[in-house]
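Let me give you the structure first, and then I'll get to my questions.
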């Protein structure tokens, strides 16, 4: 199988730089190397072509994603999820408007205020919800509490994260309910899909079912955590909204050799590599989760595992060489990635089981 | 010689995609492929490491550039010159301040207002000057014309481009004179060095001589037009100014797999590849220039050639397959790059001579 | 007594336009007319003088407020509390930073995002607290939860409102505890004093005790709700921070005939009119509160009364001609002002008692 | 005549503060006092009413200006021309767009970058033109020079000043030609009318002829320099564009006691006070101009006089107590206002004639 070959190749390369790292580092899927198919695609793009996004690869992105999503998409490549999220939000919210999102959403807690910079100061209005998901009732309640006057910032959009910040995958009907609430209040719906592949792989739905068919207007389609190097795709279901090509340029994100980003995205779509990589990461996470039992703080539906872990236990795991983030008091987050095979994660699973 | 081998390898690759392109496309150095040494460096960086800029390669950038510039530098990798320029200007100018630059500076005419977005609305005050250079007298005169009150926007910085937008290389004493003028008026000095390598290769000075020794506070050190893929270096001579790490993040430019950008920059510095590439591009430009005689609108001191060219002549060249930009009425811009050898540019030179 | 005379005069004027309004309208202290002494001061300022804030009245503001606050103050007149608050916050927080405030603070819920516009996108981080007050423990806990990295927005300031949005007056020791917490975390402290006069009148402290002596760095000193026309004072305890004169101009707030705003502020300070007006409003509120008994949702320490009031009861009061805001379900807000005497509010007090 | 009485009253008041000021101060029309009718209107508005712009006076502004302009207008009161201009430009230009204006336009040289703050960073593209006017040919040429791509900032609006910064009044056909050019290029047209009254009084046309009938979409209708205190009117010919009510609030310009601003505007329109005041100022300027002969740098068509004046001559005038601005080397600007009668300006006229 193609994916396996790549994984094997990559592991060989990684071993040259220290094989132990594969089995030890679980602090982020960003730590993983680039998938070999992505590397090959970059190399294959390495020839003379037009600058910016006029090249053949960039021009073909719309068609490629339209095929995958079974509807006409407009696509901007971008180097980070932060840039993709921010341009999506700027497309929907004016400076004097707001975006509803979960209080632990990446756009709120991990982007140093990027949405405010790109929108010109729009507010994020924070909603609670278990597992970092929000629902229609919460949206309705919040909208009802906002006076429709010029003194209060009026929401223009909702943003949800799939998989959520706690690794939960959204089902089509869940998104649909939020999408209906958004339409009810005249709001656009953005999905931060930094781990969209992991969520779709878990749910097993068509990408369309959990996005535009459920009311999503724009999707940050993540690739970097899933084996890409430095390309994410921002999808608009329909046209690129007015001004957003300019905002990409104006924010310094229109790369002159954009073909190397487009190539990565095509590589991810080719042969469903994006799903294959996500399935590998999910499987690795599931194997660790199986060892964690009662320690699990959230169901594991993607490639993130949130564990109850005392400081002493965390120290014990780290003493064995495992690397991960603390997640508040007495908890930890571990993340697997496309290049983790069963053999790579078993030592960690065993160590957790042995605590 | 190492550089030659890379050039040879690259040409082979390019030929697979249409050899004619090398000899035909002169509209931008961004059209060129990535230098093989850069590609190799990217591949060599492809292993597990810490995310963002905590990795070994990113951490080593300060030292690498400090060696090259003979002083302590702080370095941020960024994917575009627009981002590098904009963060540099934001470091120096508050929203209510201004930056003096040439009226044809890239930051004014080719960045879709990025400096205004990053600075929060600082003004670019445009100065005239032959060859897209500005001088101390022009700065003095402009500063004298600005009332020192709260109604007028007060300049905080000067930005110059080296090589200039018309392909002129700055000599150390020229920069020094501007640097003194800047200091005289309490202004910081930024150099947009998208083609810094070409300028330094032409002048033959030490990088330090034409930058900090001449009063430059920050340099956008260009790599992409010079054989890089998607990494530029923003250098501050001293510390990264307060808030600029945050602004990089907030503008969506802190890439999670930054090691692949750092790798490119190290590759450019290793064995002085940056200078070798620039010399190749300059030589190719010189060969074309030699055929252009009276048509030259500016001395050719880097890798850009500006020609007097009637619409009919431009059409004639294009009919032969050559690709380039018109530059206003009756003029054209042609750009060579690191991968142009003498054989690659001779057809163009001959075609110009034959007009 | 001087105040009484003015009140009498004003009532006469008001009666010409419908005497019933005085006794009926409790929706906002902004509904009140301008105090006659303020009107006289405006008329007295009506002569030829220098434009902007170079006139004698504007120039004397620093001294006048320095006397009142027993320390050197720098003062900017501004036409709204929103402008005053926003410039204060912009003085302290960079675009990539944050301000801690109560989740119901005026800057969060009633200024249409003005702080984001003036700061260039700084975030408001919302804290809970009874009576719309925040305390040191809440600040400490929130600061502890913020990772000190580039991904998370770092707070730079705290903003509190005195009297609070629920009409509670801050005691010097309460402010002092917040001030110490702010200093502990390297944060500046801003006080939104739209109803500062009412709070100080209630507590009976020196203005200095509840501001700079307790750690406050900037104060929005409200006058408009307290009998002014369109002038508020933004006080910095020390110098006007760099750039804030420019921000006032740049936001369209440097009025060309600023002497008419300065005159209002001087009138408020003269003979302690600001305290006299506040005492009148507070007394009127106390009289209403005394009739409300168990209905009171918060202690009445300024000129706002928050009542438990069913929709039917609210309708009954409105049927009698009283005007006020609903405040969520089953609650109402009533506000008195400087021009309410005991006779003016008794009908309302009686009507509440009779419910 | 009503105006005379007010002038007389005002002079009496002014004399109390130093009669010499009337005849001596020509540095700005902002130095003038408020017209007594405006003061009376403010006093008459001094009663209980709804806050912000829900009051009767604010609500009546649309009708009042619609009558004057013979078409439906939407009106926002604002305290400064800078705020009015900036909101108008923000209504028309996105952050990544531009506004064409004269290189000496007030929005460029005298507002500390306010248009950039309100638009979120839109660029002002500066055009030359005698007397601080721009024409259709200049607009056409500039538009032709802008590449229609994402790298260059695309204009969205044109802004002209009437009277111009050199005191020239626009004729309807002149505005019409610019209006046609704007429409040809898809641009909106804004008129900064800080001295609109003076220009209309000079030309003698209907206000409609020189605004919407000639293609103007928004007008900053100045009152403060013409006898107002702190109210300007921003007129949109049609509806207030989406978001602009919010931007007024968000920029701190929605005053809670807006009725005092609305009252000023009504007073200016009542009995054509705005024209009467402008005629008085124009007449005073004409009298001075008549004494200046060859010294005049521009025709005097409003209330500004630009003179050739050597430093020695300027010093001589100042020695006699006259106050005015230098306007570059060897030139001076003198401004008259509504309260200058013939007797008030004759000493200056004589002094100039005697140079």
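Here the chain labels run A, B, C and D in written order, and each chain numbers its own residues starting at 1.
Convention: a contact is a pair of C-beta atoms (placed from the backbone, for glycine too) under 8 Å apart; a residue touches a chain by one contact, two chains touch by 3 or more.
This one's a predicted model, so the numbers in the text were calculated from it and none came from an experiment.
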Subunit B and subunit A - chains in contact with each: C, D
Most remote chain, CA-based centroid, reference being subunit B: C
Inter-chain centre distance, subunit C versus subunit D - centres from mean C-alpha coordinates, in Å: 33
Distance from the mean Cα position of subunit C to that of subunit B, given in whole angstrom: 52
Computed distance of Cα centres, subunit C from subunit A, in Å: 44
Touching two or more other chains - residues of subunit C: 52, 95-96, 111-113, 117, 120, 150-151, 246, 249-250, 254
Sites on subunit C touched by subunit B in the complex: 52, 94-97, 120, 150-151, 154, 243, 245-250, 254
Partner subunit B, residues of subunit D touching it in the complex: 95-96, 98, 109-113, 116-117, 120-124, 126, 145, 150-153, 328
Subunit B-facing residues of subunit A, complex: 10, 13-14, 16-18, 21-22, 25, 27-28, 30-34, 39, 42-43, 46-52, 78-80, 82-84, 86, 111-114, 117-118, 224-225, 229-230, 246, 249-257, 260-261
